[in-house]
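Look at the two complexes coming up: chain A is in both, with chain B in one and chain C in the other.
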Partner chain A sequence: MQVIAITSCATGVAHTYMAAEAIKKICKEKNYSCKVEMQGALGLENKLSPAEIENADLIVFANDIKVVKAERFDEYKDKIVKVKPHEVIQNPEIIFKNIVEG
Partner chain B sequence: MGKVLISNALQKNAVVLNVDSFNDKEAVFDFLADRLEQVQVVKNKDDFVAALNYREKLGPTYMGNFIAIPHGKSKTVVNPGVAFCRCRKPFIYKSADTAGEVKYIFMLAIPESQAANDYLRVLAALAGMLVHQEFIDALETIESYEQLLLIIEKWQ
Partner chain C sequence: MKERLREIQEALLSGVSYMLPFVISGGILIAVGFAIGGYNIPDSVEKYGDLASTSFWVGKTAFSLMCPVLAAYVAYSIADKPGISAGMVGGLLASDQGSGFLGALIAGIIAGYIVNQLKRIPLPMSLRSLLATLIIPLLGVGIMGLIMVYIIGGPISWLNKFLQDFLNGLSGSGLVVLGIIQGCMLAFDMGGPCNKVAYAFAIAASEAGNWAPMSANFIASMSPPLGIAIACMLAKNKFTGAEKASVPGLFAGAFGMITEFAIPFAASDPFRVIPALMAGSAVGAVLSYSFDLTMNAPHGGLFVFFLCNNILLFLLALIIAGFVTAGCLILFKKNTENEKL
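After this line comes the complex of A and B, so read on.
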C-alpha cells in the first residue's frame, strides 16, 4: 500500500513534525510505502508530486489549519482521511480507520 | 543539525532531570518558562506563559506516553529554544479537551519571525524524536545534560 500524508499545525513547529514522524513510523511497521509533505514553519517540505498523489492508495490529511495547495487533491477525495495532528500522534492506527484489510 | 546547534537551542540551565512532580500544568509552565528566561531564550517569562496558554486554547499539547510539548510563539522569544524537565512521579496534565499523566515535558519557545531557521529545524527534529518509544526509554535512563545531548544526537 502507498500512503501519502500532509501534516500542519497552528504553530508549525511541534505537531507538524511529530505527526509526520508518527505516520512514517506506523507505515514502516506495516511495510507500507510512505511520503509525508510537511507544511510547517520551515515552509513546504518534501512536496508530493502529481504522480505520487495519483498513485497513492491512502491520503492522510493531519492538519488543524488549512492545507496549502489543497486543489491538488480535488480528484482524489475518496482516498482522503482527515485527522487532527494530536490524534495521529497519540493513536497512529487512526489513519487506517476507513480501510478494510484483506 | 550539529552539536553546537543542539546545545544552543537546548541549554544546560534549561534542563532539569530530577523534579519530584508538579501539582498541575500551570506549575510546570511557570517553572520551565522561568528557566527559559534565565538562559535568555525569552525576555519576559510572563509574556511567554501567556503565549503558551494561548496555544493551549487551540488544541492539546498532551501527546500521550507521558509526554507534553507545550509551546509558545511570541515576540518575547529571542531565539528558538527548548526547555526539558523529567519528573520522578507523573502528574495530571490537562490540555484543551484532553488530560493524561505526564513525566516528560519539552517546552518549545518560538519567535514571531521565522528568521532563525536552523534553530527551528532543531526544534522540529526534537519533536519528531518524541514519537519513538526507544527515545522515550532513553530519556528515563539519562543522568546528565551531556547524556541528553548524546541521545538526541544519536537519534538524528
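After this line comes the complex of A and C, so read on.
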C-alpha cells in the first residue's frame, strides 16, 4: 500500500515533524511505502508530486492549520483521512481507522 | 455545529501561525530599539534618526501588521484566497478602532463567512468571471467595513478596553488564578492548540502594552522540558535509556522555549507526566506574576533574557518551576521495569 501524508501545526517547528516521523515509522512497521510532505514554518518540505498523489492508496491529513495547496487533492477526496497531529503522535494507528485490514 | 467549531479552531490556529513571524520579529526589534536607545526612544530621537530609532520603528511596523495578518489568514482558512482582502481590511480597521487582537480575530471569522456566502451568488456563466474579480472583493471589503464601523467595532473596542483594564487591575489572588490557568493551559498539550490559545492571550496583552502575561508565558513554556531534564538526571531509574539520552535536547528546548520537546515523554505516560508538567508551569506562571516580572519579547526563551525587567528573579522562577515539575514527575512516575531495547 502507498501512503502519503501532509502534516502541519500552528508554530510549524515540532508537531509537524513529530507527526511526520510517527507516520513514517508506523508505515515502515507495516511495510507500506510512505512519503510525508511537511508544511512547517519553512514552507512546503518534501513536496508531493502529482504522480505520487494519484498513485496513493491512502492520503493522511494531519493538520492543526489549513492545508496549503489543498486543491491538489480535490479529485481524491475519498482517500483522505483527517486527523490532528497530536493524535497521530500519541496513536499512529489512527491513520488506518477507515481501512479494513486485508 | 461541531464541524463549524472545528473550522473556526483551525482558522484561529492558521491565523496565529501566519501572524507569529510578524509578532516575533517586530516585538524583538522594538525591544532592541529600547535596549540600545533607552525607553523614550520614540520621542527622544527623530524617526529613523539613529540605529536604535530605526530598529524601534521597523519593529513597530512589523508589529502593527499583526492584526491585519491575523484577520487575513483567519479568513483565508475559512474562505480560501478571496477571504484575504476582506479579512485584512477588517483586521486593519480593528486595530485602528482599538479593538486589537480580539477585534481582528472576530473580523477574520466574519470576513471568511461573508466571502463564502458571496461565492454562492448565482450568476450566468458569462458573468462568472466578474464574481471573482469585482463582486467578491468589492462587496467583501465593503460589507466588512460597514460591519466593523457601524456594528461590532464599538462594542468590541469597549470589550477589549474592559478586558485590558480588568487584566491591569488584577492583583493578589486574581493574578494567582490567572497564573494557574495560563500555566495549566500552556503545559497541557505542550505547544498544541490549547497552548496556542494561552499564548495568543499573552500576545494580545502585549499588544495592549502589558508584558507581564508574556513573562508568565515564557516561564510556563520553558519549565516542562527543563523539569523533565532535571528529573532524568535526578531519578535515573524512572526513565528509559532513550529518554535519558535526550537530556541535552531537553535543555535546548527549555532554553529556546520550545515546549514541544516534552511531548515524547508525555506521549509515553500521559496521565502521570502531563499533571506534573501542569503543576510546574502553574507555579512558574504564578511566581512570574508575584515577582512582577515583564518580558518585552514575544518569543525566544533565554536568548532574549536581556529584555526581561529582572533577570535574576526570572531565572529563579524558572528554576523553581523546573524543580516543581521534576519533583512531581519523580513522585508520580513508576520505576521503569526492564530497560526497553
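Just so it is clear, the second predicted complex is superposed on the first by the 102 of 102 C-alpha atoms of A that agree within 3 Å, B and C clash if a C-alpha of one lies under 4 Å from a C-alpha of the other, contacts with A are read in each partner's own complex, and residues count from 1 in each chain.
Convention: contacts are C-beta pairs under 8 Å (C-beta built on N, C-alpha and C of every residue); 3 or more make two chains touch, one makes a residue touch a chain.
Because the structure is predicted, anything quoted here is derived from the model rather than measured.
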Exercise. Determine, under the contact definition given at the top, whether A:Phe73 touches first (chain B), second (chain C), both, or neither.
Key: neither
Quiz item: Of the two partner chains, chain B (first) and chain C (second), which one does A:Phe96 touch, if any: first, second, both, or neither?
Solution: neither
Practice problem: Using the superposition on chain A described above, determine whether A:Asp64 touches chain B (first), chain C (second), both, or neither. | Solution: both
Quiz item: In the superposed arrangement, does A:Ala10 touch chain B (first), chain C (second), both or neither?
Solution: both
Quiz item: Between chain B (first) and chain C (second), which, if any, makes contact with A:Met18: first, second, both or neither?
Solution: both
Exercise. Would you check which partner chain A:His86 touches, where first means chain B only, second means chain C only, and both and neither mean what they say?
Key: both
Quiz item: Is A:Leu42 touching the first partner chain B, the second partner chain C, both, or neither of them?
Solution: first
Quiz item: Can you pull the chain A residues that chain B and chain C both touch?
Solution: 9-11, 13-15, 18, 41, 64, 85-86, 89-90
Quiz prompt | chain A contact footprint on chain C (complex, rising order) | solution = 10-11, 13-14, 16-17, 20-21, 76-77, 189, 191-193, 196, 258, 260-261, 263-264, 267, 270
Quiz item: Where on chain A is chain B touching in the complex?
Solution: 9-11, 13-18, 20-22, 25, 40-42, 64, 84-86, 89-91
Self-check item: List of chain B residues in touch with chain A within their complex
Solution: 55, 58-65, 69, 71, 73, 80, 98, 108, 110, 114, 117, 120-121, 123-125, 127-132
Quiz item: Touching chain C in the complex: which residues of chain A?
Solution: 9-15, 18, 41, 63-66, 85-86, 89-90
